[in-house]
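Next come two complexes, and both contain chain A; in the first it sits with chain B, in the second with chain C.
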Partner chain A sequence: MAAKTRQTRQAAVIGGNRIPFARANGKYARASNLDMLTATLDGLVARYGLAGERLGEVVAGAVLKHSRDFNLTREAVLGSRLAPSTPAYDVQQACGTGLEAAIAVSNKIRLGQIESGVAGGVDTASDAPIAVNEDLRRILVALNGARSASARLKLLGKLRPGQIVPEIPQNSEPRTGLSMGEHAAITAKEWGVSREAQDELAAASHRHLAAAYDRGFFDDLVTPYLGVTRDDNLRPDSSVEKLAKLKPVFGRGEDATMTAGNSTPLTDGSALVLLGSDEWAAEHKLPVLAHFVDAETAAVDYVHGRDGLLTAPVYAVPRLLERNGLTLQDFDFYEIHEAFASTVLATLKAWEDPAFSKERLGLDSPLGSIDRSRLNVNGSSLAAGHPFAATGGRIVASLAKALHEKGSGRGLISICAAGGQGVVAILEAVK
Partner chain B sequence: MSNDRLRDFSNTGIAGRLGVPRVPLLRRHEPGRPLLPGPALVSAVGAGRFAKPIGALVEESGQSVVESAGEDKLAAVVLDLTAAASLADLAAAQQILTPAVRKIAPSGRLLVLGPEPAEASTGEAAAVAQALDGLVRSIGKELRAGATANLLVVAADALPAAVDSSVRFFLSARSAYVDGQVVHVGVPVGAPQDPVGMDDPIDPDRPLAGRVAVVTGAARGIGAAIADTLARDGASIVAVDIPAAGENLAKVANRTAGVALQLDITAADAPERLLGHLRERHGGVDLVVHNAGITRDKLLANMDAARWDSVLAVNLAAQLRINDALLTDETVLREAGRIVCVSSQSGIAGNRGQTNYAASKAGIIGMVRAYAPRFAERGATINAVAPGFIETEMTQKMPLGTREAGRRVNSLRQGGLPVDVAETIGWLGQSSSGGVNGQVVRVCGQSILGA
Partner chain C sequence: MALGALYAKAAVGAVLPGRGKTLPDREIAREGLTVDLGHLADYARVCGFALTDTLPMTYPHVLAFPLQVELMACRAFPLPLPGLVHVANRITAHRAIRAGEPLDVRVRAERFAAHPKGAQVDLVAAVSVAGEPVWDGRSTYLARGGSAPTGFAGEMPEMSDVDGPASAVWRVEKDTGRRYAAVSGDVNPIHLNPLTARAFGFPRAIAHGMWTAARAVAALQGRVPDAATYEVLFRKPLLLPSAVELVTQPARGGWNLSVRNRRTSAAHLAAQVH
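Here is the complex of A and B:
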C-alpha cells in the first residue's frame, strides 16, 4: 500500500490586491513586470499586515517576459516586505496564468503542504521583451564564445544592417499566424454573435465596473500605482450608442462585428490573491471571503480541428460541473473573462446549443442558459483591461469579495487562454 | 528635515559675527537616549506631594537631582507648587525660579505643577493658583535656546502616578515644540490602576507596546509621522487614508509593520467599516487618532457651499460620527482607550481665508470637551492637539513671506516638525495618561497667535 491518502481541507481566499490596470504605452510605460509585481505584493502585505511574515509560497507569472526575469516572482518577493524566507516560483499559461497560479497554491493548501500563499500574475505590453533577430543572435552567441581577437573580428565582419531589425512579440498564434482577434472573429461568425449583443455586453462591463468603484467595492482590492487610482480604460459614460459608432477591427464585411470597444485593449497591470487555510486565516485574524472549491483545465485543437481558439472553457466547465454534481444554473455569480465580448457570448451560446452539446460536449442535454444579471456583476476585462497574467488574480479576488458580501452561494470562473486552452474554477461563500 | 535655512544659517559662525539672532536647534527624542541629558533641579514650596516621586523618576533615569541652582547647567527645573496657597508661597517660588532659569541648558525644561484654581478654598489660594498661569507663560517667552516652560494643573485628589506620563513627556525631548502650555491632570479615568511602575512597568522607550492605534490621514504629512512615531513607541498601526492615497499609505503601513485601510472617512458607511475592521482584524482598538484634515481656503465673502461642506465633512462631521460609533459600540474601544483629535491653531486664533477650516477646528475643541465625560465613563479619554506652524508639504507651498512670518512668531522662533505633533499624541495615547481628559494641547512653540 502506498502512503495513507491525506485528508484534504479547504483552501480559503482571504483577499487580494491589484494595481489599477492601465492601457499599454501609457501611464505604466516605464514600469517593468518586476516593478508592478513588487508594488502589488507590497500593497497586499500592507492590506493584510504581513510585513516580515514568511508565507508558504508565492506563485505568479507573466506572459510577456524578459529573459532577465527568469525568476520574476522570487525577485518580487525579495524586493517586497515579505520575509525573504518566503519561497516563490513562476508559472505561465497565457491568460490562464493567474488562475492557474491560484489553483496551484490552493491545492498545496488543501494538501496541507503550505498554510498560506499568494497567487497571481503581471503583464506589461508596454515594456515587452524585444529580442534580437535570429541571425544577429547567432553571431552574438558565437562572439561571446570566440577565443581570439581575430576570431572576434571575423565574426564582427559578418554583421549586416538588416540584422538589427528586432523581433517584437506578436499577439498572434504561432501555429496559425492569426491574431487572437481574428480567431475570435471566426468564432463570433460561427455562432452568429451580433454586433449589438457585443456592444451591450461591453457597455454593461463599463457600467458595472464604474458602479463598483463608486460604491467602494475596490477600496480593499486595489492599491493605486504611479498616480493611477482607477483602471484607465474604464469609460463610466460608455453606452451602446457610443460603442455602435466604432469601426470594426476584426473580421470582414458584414461579419465584421468586433471593434476596439467590444475587444479588450492591450493593458499593463498586476494582480494577486492571498490564500490560506482556514486555521491560518483565523490565527492571523484575517477574514475568509470564500473557499476555492475546484478547478479544471481544457484544451482544444484549434489548429486542425473545428474548435475556436478561445473555446476551451466551453469544454472545461461541463467537466467541472459533472465532477462537483452541479448544474450551470447552481451559481450566484459568473465570471467569464471578457477577452472579447464575442467570446463570452459564443461561450454562452455553445452551452445553450443542443446539437453542439450532444456532438461536441457529449452531453444528453445542453448546460442551458444563465441568468445574465449574475454575469460579471462588478465589471470585467472589457472595462478594466486585460494584462494577460493579471486577469486571474483580479477575478478570483473580486468574486470572493462578491460572495462574501452576499454571504452565501457559489461563483464560476471561466478564462480562455492562447494556445486553445481554458481554465475554470468554482468558489463558494463561507457560511 | 530642515528646510528652515535661517535656522541653519543662524547657527554658523558668520551669522554670529553678523549678529543674526540664533534660531535654536531643538533636542528631539531618540530611542535609547536618557530622559534628560543633565541634572535636574527638583523642588517644592510647602508640602508638595510630587517633588519626591519626580526626583526619584529623574534619578531612576540616570540623572542627578539638585535642590537649588548652583554652578551646573540644568537640563530641567521642576517646581512643585501644588501646595502653594498664599502670596508668600508665590514669592518663595520666585526665589527658587530666578536663579534656576539662569542655569537652564539649551532645550532645557521648566515644569511647574500647580493646584487647580477651581478647587481653591480661599480667594487668595485661587489667585495664586491662577497666577502660575501667567508666571509660566511668561517664563516660556523669556527662555532661550530651545528651552520650554509648561504648567501641569493637578487636581487635589490626583496621586503622583496620575502625573507620571505627563511629567515624563514634558521633561523629555518628546515635547520639543510644546511650550507655554497649561495641562490639567485629574484622577485617571476608568478602573483604578496600579501606580505606574509597580505591577506592570511601562518601558519608557516603548510606552505604547501592545496597543492598537488607528491613524486617519496617515499616507503623508503629520499623519505619516504619527504612524511612524506610535509604531516606534510599540503600537500596532492601522493606517487609514482615502483610496486614492493608497500607494503612499501602503508604504507607511509596511514601514511600521502595520496595516493599511483604504477608507474615505466621510463615506456613509465609514464608521461601520472602520469599527468592523478594528473588531475583526485587531480585536479592538486602544488609540484613535483623528488626523485627516483638508483646507479649502477662500474669504468668507467668496465662500461657496462646496468648499464649506467638504471641509466640515472631513474635519468635523467624520470625527463626530466615528466617535459616536465608538461610544455606542461596546466591543471595539478597549479599556484605557484614548481618542486624540487634531485641531489647529486656526481653530483657536482664527485665520483670514479659513472660516470653514477654523470653524471645523474650533468645533473639534467643543466636541472634545463635550465627549470627555462620556468617554471617561468608558474608562477612555478624548483630547485634542492643536498644531501651530508645522513644516510639511502644505506649509512648504506657502508664499515665502507668509511662511517666514508663520515660522517666527513663537517663543522657539521656528516651525515645528510633524514628529512634534506625533510625540504629543503618543503621550496622550498612553494607558497611563488617563488623568488628562478633555484637554487641548497646543504644539506651537508658544505661538503668539490666539494665546
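Here is the complex of A and C:
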C-alpha cells in the first residue's frame, strides 16, 4: 500500500547564535572545532531555553577536520546542555556546509520528520590538522599491519629523514593546484572586475557590519567567546582610500586587482541556527523570524570547462527563481557571500549579461541588476571573516533577523564553495 | 615564590624545630585575579573539558592551590607539607564563572583535628566577584602519624563506591602527573616520576587526586547545573600508567561517580555531584 501522501509545511528560522569570528592564529588559536561548536551550541541552548531538550536533529560540519573530529557534531551535542538523546550528524560541502546543513534540517521539518533542529558549522584555520608525510604514512600503515619482525624491519629500512616534513592543509583545489584566490582572479579578469569596485564593496562590508554592531543588531545573534566580543577582522574605519594602498596578492600585472583587503582572511569561528515548525516554535513561545522557503545547489566544470571555480551560484539562482516563479528583483535583501569582492561582482555581472545568460544559462533574457542598497546590508564575509563551514549559519540567522525587523519581504542567499559548487536559498518574512 | 621553591622550603622546615601546635590564624588572599586564557586552554586540554568562556567547576582550585601551599609551607603551620595526603575535596559552585571576571581568592585553614590515622586539616578557599561569593572549595589533608588536638574534624561525606558497568575507560598515561603538575603548579614529587615517587613509598608515580576529580566531572560537562556541589573522596592512589573505569549513576537529581581500576576494581575515587 502506498504511503499516505504528506502535506509539506513551513520550516521556520527561529534564531541563531554564533561566536565572534577571529582571524586565524589569533584569539582562538587554542580552541578546537569541538570547543567552538560546543560553546556555540550551549550559547544557543541558553538563549532559547533549550537545556535538557531533545531536539529533532543537530546538523553541522567543518571543512578542516582532524581525524578525531569524525563525529564532531554528535560529540558537541554530548558535551552540551541539550539532551543526550538528540541525534546529530556531520555534513561537509566546503563553504556551502552551513547552508546545506540548514537545507537538510528545514527539509526534514517541512516533511514532518522532525519538529526542530539546529544547523550550522565551525572551522578553525589555526588548530588545523597536520598530517604526517604521505610516504611516512604509507610506511606506518604497512608497519601496523606487518605480521613478522623481518617485514617490519624491511619497512623501517624505508624511513628517510625527508619524511619528517608534515603535510599541511592548503587552501588549493586538488585538481588544479591553484589556490582559491588564483581561481577567483581568473574570473575577475574574465568579467573585467575593477580594483576600485572591489575595494568599494569591501569598504561597504566593513561599514555595514560596524553599523549593525553599533545598533545592537548582533546582540541576540552573537555570544562573546574567549574575550572576543566582535569579529576581530572588522575595520570600522576601512575606506576605499586605505584599501587602495594594499598590494595585490592574486593575479598578475595589470590584472592583479585582488588584495588582502578585498579577499576574506583565514578565520576561526562557528555559527548555528535554530529551526523548527511553526507549531514547535509556538509551543516553546519562541518567535519565528522567517520561513526557509526553498534552496538549490549547482556545480560547474571549473577543471576542464569554461566556468570559474566560484561561479556555480550563477547557475543555481536562475533555477531557484524559475521554480519559485520569482525574478531576481523580487527580493528585499541579497546575501551574496563575499569569498572575494570580485566573486560577488562577477556574479552580478554574469546575471546582467545578455550573451552569457542566453548561451550559458539558457535564458531568453538576463536576470538583470539588483538594487545594490539591498546587498549584504549588515556586512558579510569581507568584514566578518569566513570560517568556511560557519558562514552559512551566520548568513541564515542574520538574514532571518533582517526580514523579521522589516516585517515583510524575502531574501536571497548565495554561497559559492570549493569544488565548483554553489548553494542558494530563499527566506521569506512571516506575514 | 615558585611552588617548587615553596615545596623545598617546606621540606627543610619539616625537619626543623619550631612547628606550631595550632593552626596559624592567617588568611592568604589575592584580589582581582584574572584567568589567563592560554592557561585555561592548557587546563581544559589536560583534564578533558571543552574550552569555553565558563570556567570548569574544578578550575578555581588551581587558582587557590598556590595560596594553600603558601599557608602550609609557613613555619607556624602545625603539619609538615611533604607527606600530606589529599583525602577529600568539596567544591560548591554558586553560579557559572566567566573567564573574564576578576576573582578575589581567600584561603585559610580550619578543622585541625585528630584522625584515626594521624591528624587532618581542611584548607578552605573562597572565590568571590565584587563581593559576591561564586565558588567555595574545601580540601581535606591527612598527615599520617601526625598529632592534633582532639576537636571537631568535620564530617566526611558518607559515600559508597558506585557499582555497575563502566561508562568510560580511560588509559591514564604515565606523563599524566607531569602534565597536570604543569597546569596546576602541584609539583609534589610523588606525581612527577617513578624515582621521586619511590622516595615517598609509592611503587610508581601517582595521578593527582584533583586531576582524577576534574577528569571525572569533565565527563559530565553539560549535565551538571552551573550551581552545584561536587564532593570527592580519594581512595587508593592511581598509579601511572593505569587503565581505569569511570562509573556514573544518576542519583537525587545529580550523579554518583566512581573511578576504579580496570584490572583490580580497586576504587580510586568516589564522588557525588548535585
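For this structure, a couple of remarks:
Quick note on the criterion: the second predicted complex is superposed on the first by the 416 of 431 C-alpha atoms of A that agree within 3 Å, B and C clash if a C-alpha of one lies under 4 Å from a C-alpha of the other, contacts with A are read in each partner's own complex, and residues count from 1 in each chain.
Just so we're on the same page, contacts are C-beta pairs under 8 Å (C-beta built on N, C-alpha and C of every residue); 3 or more make two chains touch, one makes a residue touch a chain.
For clarity, every value in this text was computed on a predicted model and none was experimentally measured.
If you put the two complexes together on chain A, you find that chain B and chain C bump into each other.
By the touch criterion defined above, A:224 reaches both chain B and chain C. Measured by the number of chain A residues touched, the leading partner among chain B and chain C is B.
Once the two complexes are laid over each other on the shared chain, residue contacts for A:31 go to chain C alone; chain B is not touched. In the superposition on chain A, A:81 contacts both chain B and chain C. When the two complexes are overlaid on their common chain A, residue A:316 makes contact with neither chain B nor chain C. Of the two partner chains placed by the overlay, only chain B lies in contact with A:47; chain C stays clear of it. Look at A:377: by the touch rule set out above, it reaches neither chain B nor chain C. Among the options 1-9, 325-333 or 343-351, the segment of chain B that ends up inside chain C in the superposed model is 1-9.
Residues 39, 42, 81, 224-227 of chain A lie in contact with chain B in one complex and with chain C in the other. Chain A meets chain B in the complex at residues 39, 42-43, 45-49, 51-52, 81, 216, 218-220, 222-227, 229, 285-287. Chain contact summary for the complex, chain A toward chain C: residues 30-32, 34-35, 38-39, 42, 78-82, 84, 224-227.
Of all residues in chain B, only 239, 243-247, 249-251, 253-254, 257-264, 267, 269, 280-283 touch chain A in the complex they form.
The residues of chain C lying in touch with chain A in their complex are 37-38, 41, 44, 50-53, 99-100, 221-223.
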